[in-house]
Each structure stands twice: as C-alpha cells, then as structure tokens.
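Shared chain: subunit A. Partners: subunit B in the first complex, subunit C in the second.
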Partner chain A sequence: MVSIATARIKREFKEVVTSDELTKCKIKLELLNDNFTELKGEIGGPPDTPYEGGTYQLEIKIPETYPFNPPKVRFLTKIWHPNISSVTGAICLDILKDQWAAAMTLRTVLLSLQALLATPEPDDPQDAVVANQYKTNNKIFVKTARHWTNIYAGSTLAAEPEFDSKVKQLIDMGFDNHKSRVALSSHLWNVEHAIESLYN
Partner chain B sequence: MEKRSTKASSNDPKHKHDPDDEDFYLNNDDDEYDDDEDDDNDYDDYMDDTDDLEYTSSNASKYDPTPSVEIFTSQNSTVTPNSSYASTSLKNLSQSTTNQPDLSKSLTKRNIELDEEFKYEVLSPDKIVQYMTECIADVNSVLELTPTITRTLLHHFKWDKEKLMERFYDGDQDRLFREAHIVSPFRPNTYKRTTSSQSTRSSRLKEFCCEICFMQYTEDNMSGLECGHKFCKPCWREYLTTKIMDEGMGQTISCAAHKCDILVDDTSVMTLLQDPIVKIKYQHLITNSFVECNRLMRWCPAPNCSNAIKAQYFDAQPVKCDCGHVFCFSCGELWHDPVKCKWLKKWIKKCDDDSETSNWIAANTKECPKCQVTIEKNGGCNHMICKNQACRSEFCWVCLGPWEPHGSSWYNCNRFNEDDAKKARDAQEKSRHALQRYLHYCNRYMNHHQSLKLEQKLTASIREKMEEMQQHNMSWIEVQFLRKAVEVLCQCRQTLMYTYAFAFYLKRNNHSIIFEDNQADLEIAVEKLSGYLEREITSDNAVETKQKVQDKYRYCEQRRKVLLDHVHEGYDKDYWEYQEDL
Partner chain C sequence: MLASDKIHQFSKFTNQNIDLIVLNSSITELSNVDCIVNCTGPCFEHYGGVSKAITEAAGPKILKEYKNYNSQFGELEAGIVHDTHAFNLNQYKYILHVVTPKHKTYLEMIYSNLFTKCFNELNLESIAVPLIGTGLARRAINDCVNSLIESIRYLKNLTKNIKIYIVNNNPDQIKECLEILKNFLNPEINDNDKDKLDECPICLDNVSDAKKLNKCGHIFCKSCIDKSFNVKQVCPLCNMVYGVNEGNQPNGTMNIKILNLTLPGYDKSVNTIEISYLFPSGVQQANHPNPGQRYHGTQRVAYLPNDNDGKKVLGLLQKAFEKKLLFTIGQSRTTNRNNVVTWNDIHHKTSIDGGPANFGYPDNSYIQRVLAELADKGIQ
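== the complex of A and B ==
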C-alpha cells in the first residue's frame, strides 16, 4: 500500500513543478530519492530585500507521518537572517513547528520561507546575534546580508568591496575564510573585535 | 466520609509500603474485632461492604479502562459505590486493631489534641471519570450546554467552576468561547454541517477534494468540526491518531486546517476513531489533563498505580493511596516530614546530580520557570512554550525569563559573557568546599535510604522469627510486638533520612543545635533497635527480648515525636533560617 505521505508528495511535487506561478516566484523542487522522503527545494531571494538575486538551497526531509507532522526544512545555503541560524541553517518559523496544519503543502512552506526572507521576525530570533544587529544596527545588517547573498547565494548584484577586503585581511593572517566572515559579520565589521573573538 | 488526620498518618506506626503486608492485615483481621478505639462509622462501612472487598482490593491497583469507554456519554460506573472507601476503611480498621491497646489509645489521644484534619479521598480510574462527569453535570445543570463544550470550558478555567460561571454570566460570551477555542453554540452557524438525512441526493454524489490527501471523496466520507473545515475521514483518523499517540495531545487537538484553532470535541473523536487502543489513550489523556490541571487532585506516584487523590484543600500533607503508597499531597514525594517540599526538591535534585542520568539531565534539560517541569529542548529556537497542559508558559531558553519582554530587550541573553565566566570559575572554587559539607549529609541520607530499601527483607525475616516464636510458648498476639517494632524502625528511618535533607539547608543557630541533638539521639536509638531486630531475637529468652524491644521502640517513637514537634514548632515560630544558595 502506498502511504499517505508518498501519495501526497507525488501530487505536491507535480503541482510545484508544473505551476507557472511558482516558476515566476523562482521556486523549485527536486526529488533526491525514489521513495519521496528527501527533497531539495530552491527559492529565489525576494526583490527589494538584501537577499535579492540570491538562490537558496533547502534540505527537505519528509517524516513518515507527513502531512500530519511538518516536513523538516533547513537552509543549505548560508544566509544572514534573524530567523535562520547562520551556523546550521535551522529555521525558526511557526508553521514548521506547532502551527503546522495537515492541510498545508510544500508549496505553502516554500512560499512562507520566501515571505520570511522578505519580513524577518527579530522578536522571535533563531540567531540572536543577527537579530540584535537587525534591531540595533539595521544598516550594517542589510549590508552584511547583501554581502552574504553575494558570496554564498550567487547574487551578482552590488557587493560590498570593503567587506571583501576586510575578510581578505583576516585570511592573510591565516584564518579560515568562512570563520573570518562570520566573526566580522558578528562584530559589525570591526576588524579588531573580530580578531579578538577569533583568538578566543 | 474518609477521614484522616495529619498526625494519624505521620505518627501512625502502621505505615506500610509493602503490599505483602496488606495481605497480612487482611488475613488476620478476623481475630480482632475487640476493638473499641476505632470510629464506629468505619466499622459499619466495613460491615456493609464486606462483600465488595475482595473485588476492590484486587482491582484497585490496575487501570482497567474498559468500563470508561462510554465515559462521556454515560454516568454509570460499574464499580460499586463506596467500595474504594470500604477498602481503605478496612485498612484503617485492621491497622488500629492490631495496635497494642495502650499504644493506640495514646495515638488517638494525640490526634485529638493536635489536629486539624486533612480530608481526602482516593479515586480509582473509574471514580476519577465519574467525578469528572459529575463536575461537568454540576456545571451543566446551570449552563445547559453539551458535556463536551462544558468540559472544554472547564478545562480552560483549570476546572474552577466559580471562575467559569463568573465569566460565563458577567463577561462577553463570544469572547469566552473564542478564548476557549470553541465555536459558540449560541451563534447561528453558517457552516453547520448538514446531516446525511438532510443532504440531497445530488450533493451526496458530488465529489469533494480532501485538502490533506488530495483525493476525491463523496460528502458521506467527509467530516469536520463546527468550524466547517472538512477533510476525508481516513485523514481525520490519521490526524487524530498522530496527535494522540505520537504527540500525546488530548485536550488541545485543534482542527487540521491551517490557522484554525477550534478544538476537536469528544463526540467527533469517538466517531472518527476506530482503533480502540487510540480511543482509550484519548480518554486516558483527557482524564490525565483533568487530574493534572486540578489543584485539588494528584496522581498516586507509585508504579502501576492509577489512582488519584482528591483533597479538600491544597496542602503539604501525607496521603495514603489504596495501593498502600504514602506520599506528600503537595509534591508527590514519599511523605517527608520534617523537611519541606521546596527543600526536598532541591535536595533530591542535588543528590541525583551524581548519577550519569542526572548529568545528562543537567546538561540537556532545564526546568520550566513557572511549573518546574523538566524540559528537554530538542531543536528550534529559544522561544519555549511549556507543554505541561496546566502551565503553557512562554519563556526564553537562554535566560529562563518570560518571553514577553524578549521582543524588545532580549539583549541580555546574548552571547557568552566574560564576567559571567569569571564568576563561574569563582563559584567552582567555593563549590569544592561545599562538596565536603554536602557529602557529609548525603552519606547519612543515603545510608538511611539504603536501609529503608532493605525493609522488605527485614519484614520477611521478622515474620519468620514470629512464626518460630509461636512454635514455642508464645501466642499470636504476644509476638505482634515484633512487627510493630519493624514499623517503628522504618518510620524512624524515613524521618531520619529526611532530617538530613532538612539539616543540609539549615543555618546554624541555637535551635539547629537542639535539632541536631535530637537527631543524634534518635539515630542512636534507631541503630540499637535495628541491631536488636537483626541479631538478638531468639526464642530462648523471649520474654526478656520482648521487654527490651518494646522499650526501645517506644523510646524511638517518643524521640521521633520530640524531634518532629520541635521542627514543627520551629516552623510556627520561625526558628529556622535557610542557606538559600546551596
């Protein structure tokens, strides 16, 4: 017997792949195995946000009890966002937890995630450092997020050349590329503070 | 009708945790109706209900959910009324009758002198359901709603009838229903489900798409709640089963539609579900939330016991379940006089910290700042919502403060703080020193704890000795002093055990020195009594031994009372100062 989960994923998959509306929103879905338990999602950064131009890969795992329990979703592409961990890609979104409803679909999940990129919820943060920056130093936050989009999500839009040079400065000191960027991002791009934190 | 008093239980030397001993009483009670100390009512009850006794005593400790399958529709209970009372009465009766006359007289006297009574009842699973149904019916006689709506409303107010009544008649009823996540039964409902008799032929044949599985179904196969969201029956079944079996939700299952918070009602659950195991689990969850949300009720914590205790008011008092387990009504631990619940909880947590399990608990869990339930965070963000049905508080995992201000001032629980790290190191230094002190108390506490565990073994060996002495020239009644001695011993050990938890948090002052003297005195006497019971009982010098043992246990009993009275007096007169930071 085909389980409800499999039957549903099959139909949902078809729906997402064939929908013009979704292609317009830059939403894609890809199957990773034959038994419909692992998928790869892709969403485009929404326009007029620091994520514009970026493409974000998502890991989607379908539990056996789907759709009665939410799918497990995580960002594979690194992103600077208050509700998404800059380290693990874990997402803080109510519909992926207790607000999940059986009538929701992968399509709604992907659209919700896209909406989350457009409207962060800093009061319900996953990454406290990012959320703090978002609230207290929004300008730097926007720049940092754009920089990350550029580096990790393949955006070709305006980069932050000064950030690049600062990262390079740290790399020249022998630090790891990504670690340097995280340290700088977390310390408002203050090189001294970043170095201090890297040494600790 | 069940009356017990604090001192009756705390001083009653017949306290047993050993189920075997219950049989012991039951088998022997024929011999001793020459009792004149006991309450007449108990006696009458006993006579009236003798026939039921065997049934109850054998069933009391098993949760048999079958009779409660129809709990929400019928109020009939299959258990003979009063049978659970009767069995406790019997225990009371047989307990006091086995007392030596002089002793029971002094006990009774003490009770009268000292006590305000703490009244409570033991409820078997059927009785719990019956009581819940009564509560619902009681409210319903005024509100005139369906039982399931009333139950949900009552749950919303943590089973506080007065609060519900007040809100129902004084406040905005629509808002009340909205808050309780119910569709108001008074509002004309546009979605009102059409019953199959009303639906026309054509609409019955019309196909609907279930939004969960995306399959087409005829209307007959679709179902929904008052909110009007419809899904196919197999999906409903699966949804409810997941919620009930996997997530352990009973009271708080809402409609499967997105953003719909209307709660499922009992009738829907019962008609949609087919698997009896799931149905029983659902009922169990409902009963569980009834007991847990109710301040005046508490589950018996003994393993495999499914009784609950219902008290008249909330207090830290000893209660005895029908299964024989005696525990504190306030915290559920073994009855722990003289130490108070708060300190005992601290102490137990501290003691447990030694084991691997508790290391894990310490590393991976925290306690809900509101209800103290232990919580493991298994993913997601720091915004925690307590799963305890009675609590549901929202707090921050990092700082354990309420979640509310985190929107604006969560900055405090930001990353690692240098000062805090230094403080932590200083604290570690101090804790080395504190450890020595802690070990002193812990070793002694554990020692008594261990001895208590061996109680069963001792009871068995004493029973053998009693048999042996009866073979010689002593009568049954003459050897009863031995069992009494074991009981006193266990009771004293239990008290002593908890005195160490008490003493650990105590600041040194004149009264704490008196307390320690009392403690030492009792401890020496108890060890002597223990020695007698383990070694020196022989049938050769029976009369002499009897005298010695009797003197000793009476002395122990007296010293135990002195110690407890002193602590209680201290509570009344504020002698005790505590070291909060241990």
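== the complex of A and C ==
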C-alpha cells in the first residue's frame, strides 16, 4: 500500500515542477531518493534584499506522518539571517513547527521561506547574534548578509571587498576561512575583537 | 402529524447510525416513538410541567405503578432508570422514569443510562427525551444539550439504526437548542460545495466520503480529516480550533517563586514571577519521535512580571503544562542535539534582561505574543 505521505509528495512534486509561477519565483524541487522521503529544495534570494542574486539550497526530509506533521527543512547554503542559524542552517519559522497545517505543501513552505528572507523577524530569533546586529547595527547587518550571499550563495552583486581583505588577514594568521568570516561577521568586522573571540 | 417547521432532523448524527430529531411538540402527542422519558421526583411526585402532563395522560393506573415501586424499593434514586408501561399513552411501548438531577454534572450520566436502558436492555429503536432540568429546575439549555450530545457520542454497540427525539413544546427553547446543536453538526454537503469535492486539501486526491467541518465549512475526506484531528484538532486550511489536544510533554514539574526584583520595562512596584521547569531524563513513549530510545531531560527557568498580565499568562501556562503542551521531545534548535526535551513553540523569557534578542526583557509585545501562541494551541 502506498502511504499517504508518498502519494502526497508525488502529487506535490508535479505541482512544483510544472508551475510557471514557481519558475518565475526561482523555486526548485529535486528528488534525492526513490521513496520520496528526501528532497532538495532551492530558492532564489528575493529582489531588493541582501539575499538578491543568491541561490539557497535546502535539505527537506519528509516524516512518515506527513502531511499531518511538517517536513523537516534546513538551509544547506550558509546564510546571515536573524531566523536562520548561521552555524547549522536550522530555521525558526512557525509553519515548520506548531503552525503547520496538513493542507500546506512544499510549495507553500518554499514560498514562505522566500518571504522569510524578505521580512526577518528579529523578535523571534534563531540566531541571537544576527538578530541583535539586525536591530542595533542594521547597516552592518545588510552589508554582512550581502557579503555572505556573495561568498556562499553565488551572487555576483557587490561583494564588500574590504570584508574579503579582513578575512584574508585572519586566514594569513592561520585561522580557518569560514571561522574567520563568522568571527568577523559576529563582531561588526572589528578585526581585533574577531581575533580575540577566535582565541577564546 | 406535526407541521414541518416543527421538525428538525439531523441524519447520521456524529457519523453513527443515529438520527437526531428535534421536535417542537408535546411529549405526550408523538407517534412512531417507542418510549418517552418522564423526569420526576423521588416519589414520582410532580410540580406541574411535563411530568404532570405525562402522568395525567397515562391515566390512574400509572399512579399504582409508582406506589408499588416506592413501597418495594423506596425512593427512586438519582441516575436510576425505571421503566413502566405507558397505559393510556398506548402509542408508546414504555415510559422511562428518572429523577431530575440536583446538579448539572449528573445530566450526562442520566442521558447515558436512559440510552442504555432503551437501546441495549429493552432493545428499542427510538426514544423521546425532554431537555432535562430546563423546565421548573430552570437549568441552562446549554448544559443540557452539551450533556445530551456527549452521551450520544459515547453510545456503543449499536447494531441498528436508532432515532433520538429531543422534544419540547416551547418554541424559544427549541430555537436555543438548535443553535447549540449547530456547533456539533457536520453540515450537509450542498450544491455550492460541488467544486470543492475535486480535491481534498490533505491528500490532494478526489474527496472520498466528504466531511464538512461545522464551524469553518471546509471539506476533506473523512479519513484524512480524522487522521489530521488525531494530530491536532484544528482545521488544516484555516487553523480554526476544534478542541484542545494533549501534547506529548514528558513527565516533569513546574514550580513558581516570587522574586523581589523588577523586570526591565516594568514599574518598580511590580515584582517578578520565576517559573522553574524540571524534566528528568527517561525513555520515549509511543507518542514521541523515537519510542524506546532514551531522551535527555532539561531544566529551564523563565520570568514573568507579577502584574495582572503576567498572572494571566502564568495561569494559562499552568493550564498548558497540565495539557502537556509546553515542552516536547525532539531536536534542540540551539544545540542541534537530538532526543532532548525542548520548548514546544510557546515562547518563554529565559533571561531577565537583554531584550528580545537575548530572550529577555524589555519586550513590549511579549505578553501579546505569548497569549496568541497559547490561543493557537486552544489555551485561552
């Protein structure tokens, strides 16, 4: 017998793949195994946001109890966003937790994630450091987020070259590339503070 | 024959083989009903009303029955159903006598006992019941109808189609009764719903055995919506709440302490409520993600202002804790570790200060947000 979860994903998969609306929104869905339990999602960064031009890969796992319980989704592409962990890619979004409803689909999830990129909710943070920066130093937040989009999400828009040179400074001291970038991002690109945090 | 505007029929009530029929009529003037119910006193005495009408219509022979019962068994006790012949009311096979209860909590038991007597013991197919206690006892119709519906829901071992008539001769009370019943009914699918039968929002296939929700009117396959309600009793399309589900929060404790300090953003005169949660480690049960595996316990502290708002939230949090809704077992959002006791989407302030980004105060909108989160789970 085909489980309701599998039957649902099959139908949803067709819907996402064939819908014009979704190609316009730069949303993709790819199957990773034959039993429809693991998928890869992809969303484009929304225009007029620091994520514009970026492409974000998502890990999607379908529980046996789908669609009565939500799919498990996390960002594979690193991103600087108040509601997404810069370390694990875990997402704080109500519809992936208690506000999930069985009538929602992977399409609604992908569109909601795109909407989350456009409108962060710093008062309900997943990443407290990012959320704090968003609220207290929004200009630096925007630059940092844009920089991450450039480095990790393949954007070709403004790359903040002075950030790159600071990262290089730390790499030359022997620190790991990504760790250096996280330390600088978390300390408002103050090289001294970043180095201090890396030594701790 | 009753005029059609006095008859309100609900077929297949609560999806069983039960027809519920509300009649605006006198209980002594029905036809095609096997038995009627007489609400009376412990010595079958009446102070007027329906009981008087039944006794008078049944004729003097029934008085002798009453006497016999009292001399043999004493007073008719609350909750006991005594059946007699209907004598001059010979369109009925039986009259079932019960004592009008002193308290509303007995109503459900009395209706259940009446149905057991009628359908299981006497093997009848139809019963006419009054709105017990809404006459001279002046009990709220709402309590009565709710108890009646609950007892119908628990009817078991029905081997045939049965009919339950709710009978009352007061048009206003009938109107009120119908209003209350609407909340329980799965409305009929009508012509306007035809295009909605093409796709069930849950399985995305054609709707089979359609079920329409009574408050929001959304339509699903019966099997789909039943499964969905097992997980969460809300409409999958609009999140309309249909009941409070128990969560899967493991065993733990919730303790309250008053701290002599003021949270940032509050007046100096307001002190602070400290809530401590403690969940020891244990083994996951069937309703957890990995039954049989161990889970790691946790210890959490949260803060609320000790003012009216804070006390209101505290009361609701206690209710949510009893309903096992505050915590769950899963993957920690902060450490990514699996099989741990974690928050279940009702946000707490785990710091005194530092503002929203550090899960602390001040945060002007926190009280409103947490109230909304509680309401989403049916706690309000």
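In the analysis below, the second predicted complex is superposed on the first by the 200 of 200 C-alpha atoms of A that agree within 3 Å, B and C clash if a C-alpha of one lies under 4 Å from a C-alpha of the other, contacts with A are read in each partner's own complex, and residues count from 1 in each chain.
Just so it is clear, a contact is a pair of C-beta atoms (placed from the backbone, for glycine too) under 8 Å apart; a residue touches a chain by one contact, two chains touch by 3 or more.
The structure presented is a predicted model; accordingly, all values stated were derived computationally and were not measured.
In this superposed model built on subunit A, subunit B and subunit C take up the same space, so to speak, and clash. Of the two partner chains, subunit C is the only one that A:Thr88 touches; subunit B does not reach it. When the two structures are aligned on the shared chain, A:Lys61 is found in touch with neither subunit B nor subunit C. Once the two complexes are laid over each other on the shared chain, residue contacts for A:Lys168 go to neither subunit B nor subunit C.
Look at A:Ile4: by the touch rule set out above, it reaches both subunit B and subunit C.
In the superposed pair of complexes, A:His178 makes contact with neither subunit B nor subunit C. The clash between subunit C and subunit B in the superposition falls on 150-158, which is one of the stretches 150-158, 168-176 or 258-266.
Subunit A uses residues 4, 7-8, 11-12, 65, 67-69, 90, 92, 97-99, 101-104, 123-126, 128, 131-132 to touch subunit B in one structure and subunit C in the other.
Looking at the complex, you find that subunit A touches subunit C at residues 4, 7-8, 11-12, 65, 67-69, 85, 88, 90, 92, 94, 97-99, 101-105, 122-126, 128, 131-132, 135.
Of all residues in subunit B, those touching subunit A in their complex are 211-215, 229, 231, 234-235, 238-239, 242-243, 246, 256-260, 379-383, 385, 398, 406-408, 410-411, 413-415. Those residues of subunit A whose C-beta lies close enough to touch subunit B in the complex are 4, 7-8, 11-12, 65, 67-69, 83, 90, 92, 95, 97-99, 101-104, 108, 123-126, 128-129, 131-132. Only residues 201-205, 224, 227-228, 230-232, 234-237, 239, 333, 336, 344-345, 347, 356-359, 363, 365, 369, 373, 376-377 of subunit C touch subunit A when the two sit together in their complex.
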